[in-house]
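Scrolling down, you'll hit the structures one after another.
Common to both upcoming complexes is chain A, partnered first by chain B, then by chain C.
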Partner chain A sequence: MDFQGIHDRLRAVRAPGLLGVDEPRAAVPGAKHGETKDAGRGGDPFVLIDPQRIVEFLHVCRDEDRLRFELLVDLTATDPKAEEPNLWINLNLLSVERRQRLAVKALLPKSALSMPSSTPIYRAAQWHERECAEMYGITFVGHPDPRHILLPDDWIGYPLRKDYVFPKEYHGISCE
Partner chain B sequence: MGLIEHQFEENVLTTRVDWLLNWARLNSIWPMTFGLACCAIEMMAVGAAHHDIDRFGAGAFRASPRQADLMIVAGTVNFKMGERVKRLYDQMPSPKYVIAMGACATGGGPYFKFGYTVMKGVDRCVPVDVYIAGCPPRPEALLEGLMKLQEKIRRSSVVRKPARMA
Partner chain C sequence: MATQIEDRSKSEEESRTLPTGEKEFFLDVHTSDLEVNFGPQHPATHGVMRILMRADGELITGAQPHLGYLHRCAEKIGESVEWLQYLPYTDRYDYLAAMNNNLGYSMAVEALMPGLVIPRRAEMIRTICAELNRIGSHLIAFGTYGLDIGAFTPFFYAFREREWMMALFEKICGARLTYSYIRIGGVFNDAPPGWLEEVARFCDVFEEKWKEYVDLLVMNQIFVKRTANVGVIPREMALDFGLTGPMLRGSGVDFDLRRDLPYSLYGEMLRDKAFDVIVGKGEKGTLGDCWDRTWCRVFEMMESIKIVRWCLERIEPGPVLGDIPKVLRIPPGEAYVGIENPRGELGHYVVSDGGKVGVRVRVRGPSFTNVAVLEELLPGALIADAIAIIGSTDVVIGETDR
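Right, the complex of A and B next:
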């Protein structure tokens, strides 16, 4: 099934938390020379969902007969700009049985970085969420093992956030 | 039959203590089995037949710091690892030597600016004798570094210096 088919199917089964859809498009030239009204975008089409209902949404994606996304390929986050109020949560799903992929995104406000853990649906989400948590400061509610995965346990700050301040020293070792 | 057999009479050699000890030390620098990143691949190439670090007596890679004389820090050292590197260095018996191999171990390398967790050179936690440039250095460069270390050992001295006359 192509992206349109997957989206129609998600609409038809009333997938919980589904907010919208975004597809790649060509740039629209503006009136003045060298300006564009819409810069366009490449990449994959994706569906936008409510991060607080991600578990119910993924449950439909995994178990609905025409979708069957049995693999979570990736779960990560993006901080586009320091002044942007939201973080992007990005998921990639793969169905080996139906030979289709789906990109799922969600906007999570930086003021309340908390969302349910996807581990009840995909156990592969455990390590991804641990990395996301330490790199962006997101709390995944219901995660079975919320320790750091890469950084030392006493690390201060969230390195992949745009507003991250680099440390001056770590355990007496200069970072300069 | 070797080349030197039946070449000498029953002779006695005289030498200096420093010369003899340094000769023994610099021709048996045993490194520690210890690689952190891509530089370790080049280090393994140096250990293999083509470059053959054993020609310099440094091919016996020991799996324990307590049997090693040389720590070749081959790769990126982050803070989490740096504390372990320090600990391994402390466990080595003296005299002990450290080679910082490659750009990362020398000064942070490509992670110098934005590597939030990369130590900007392994000399922040252990004393380094020889730095080798390169990303990663060629095997010949590591051998050059080893020879530099041998020169350094050759210049060292263990004998008690005579008291200066007043």
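Right, the complex of A and C next:
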């Protein structure tokens, strides 16, 4: 199924938390560089969802007969800009049976970085969420093992946030 | 190992009455659980991974992989350097399949450049290089796996052919491991004269040598005994953990990105039925055991040879690099491109805001998810099988830690 078909199916089964869709669009001729309105965007289409209802949404994606996204390929976050109020949560689902992909995006406000963990649906999410949590400071409620994964346990700050300040030293080792 | 002997003679259940009427008490020997640090400096971890194992005698009761010893902040670097400058960093996550990493990153950035046309010769050379690198990577996987569990000879056989493969890459780009050869818009330069003929010769020789691997290791009775029915990953578990590549196909899931979501020239090859997808059948034991995964890798090498030959038959002279400006500004957008690496799906998620530097370069390394399954797979196995199970995941730590 193509993206339109998947989106129609999600609408038809009333997938919980589904907010909308964002498709790539060509730039409006004459639009100035840096203009976010009408600036166009390339790449993949994706569906937008409510991060607080992600578990119910993924449940439908995995078990609905015509979607069958058995595999969670990727779960990550993006900090688009330091002054942007939201972080993006990006998921990528893959269906082995139906041979299709779906990109999912959720906007999580930086003021309240907390959302449910997807581990009850996909255990693949466990390590991805641990990485996401240490890099962006997101709390995944219900995560069975919320420890750091790549960074040392005593690391301060969230390195992939755009407002991250590089440390001057680490345990007496100068970083300058 | 610390042992403690508990005196349980007082308890009634631990005794029995002998025919003479006397009571016999058992003195049961209980061993306490032992925590074993496997790694980070252990040759069988293929890098620097530490697994904290809890063992009750010879039985593993818990396993906890610890990563991060090789974390080099690849994703943070991706947000700090220009698009083209990031290419050499891609070589360094899965250093055994650097061509495939270059290809994955380049394709992700190209997905954001709608007008860009990749010359056909460039696509051909890309495919040849990616498949040759897949052979090289599987040779390491197969050679070192034998080494891990005690077969020394196949390792040298594997490195003999890999040496030639690396010499071929040295001729085309000057580097033996970190190529940075496939780049945004095509490939860096054209193949030198006589290179394609040498690749054809390599294919012929490799086909003969490959039969030796199957006899020497894969069908070897000792090897089969060590790996069959060990570390079984059922189909549902493989999907749940998001495994990809030979790990997934070894569990009997018939899925390969090259066939099922084709990219580059693979769609065209599919019409010609140029290659098959190797799926585990559980021939020597249970479906999804260590033997099946190794079998998939070894037989995939021959499929790669078929793909290379398909390209060699059709390659024609022409340009090898598309129209790429010196300073690359990528139009705004976001794209996820996943390609079939030797270890599974290598995904790049790139976000651009129209500038010279990326907003986000996310790398989804296949080893990262493939290693996660060890948490589930090791408990219940024997200490002696731990090496066989870890080796069969074919982990590259450069990629789990990035």
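Just so we're on the same page, the second predicted complex is superposed on the first by the 168 of 176 C-alpha atoms of A that agree within 3 Å, B and C clash if a C-alpha of one lies under 4 Å from a C-alpha of the other, contacts with A are read in each partner's own complex, and residues count from 1 in each chain.
In the analysis below, a contact is a pair of C-beta atoms (placed from the backbone, for glycine too) under 8 Å apart; a residue touches a chain by one contact, two chains touch by 3 or more.
No experiment lies behind these values; they were computed from the predicted model shown.
In this overlay on chain A, chain B fits alongside chain C without clashing. Of the two partner chains, neither chain B nor chain C is touched by A:R66. Comparing chain B with chain C, more residues of chain A are touched by C. When both complexes are overlaid on chain A, the residue A:Y122 reaches chain C alone and has no touch with chain B. Of the two partner chains placed by superposition, chain B and chain C are both touched by A:P152.
Of the two partner chains placed by superposition, A:R9 touches none, neither chain B nor chain C.
By the touch criterion defined above, A:Y170 reaches chain B but does not reach chain C. Put simply, if you stand at the Cα centre of chain A and look at the Cα centres of chain B and chain C, the angle between them is 40 degrees to the nearest 10.
Superposing the two structures on chain A brings chain B to within 6 Å of chain C, judged by their nearest Cα atoms. In the superposition on chain A, chain A positions 151-152, 159 are in contact with chain B in one complex as well as with chain C in the other. Partner chain B is touched in their complex by these residues of chain A: 151-152, 155, 159, 164, 166-167, 170-171, 173-176.
Considering their complex, residues 79-80, 82-83, 116-117, 119-120, 124-125 of chain B touch chain A.
Those residues of chain A that touch chain C in the complex are listed here as 24, 26-27, 33-34, 39-44, 46, 70-74, 76, 78-81, 90, 92, 94, 96, 99, 101, 103, 122-124, 126-128, 135, 148-152, 159-160. Remark: chain C residues 67-68, 71, 73, 75-76, 79, 111-114, 239-242, 244, 248, 253, 255, 260-261, 331-336, 338, 345, 347, 349, 351, 353-354, 359-360, 362, 364, 368-369, 372, 376, 401-402 touch chain A in the complex.
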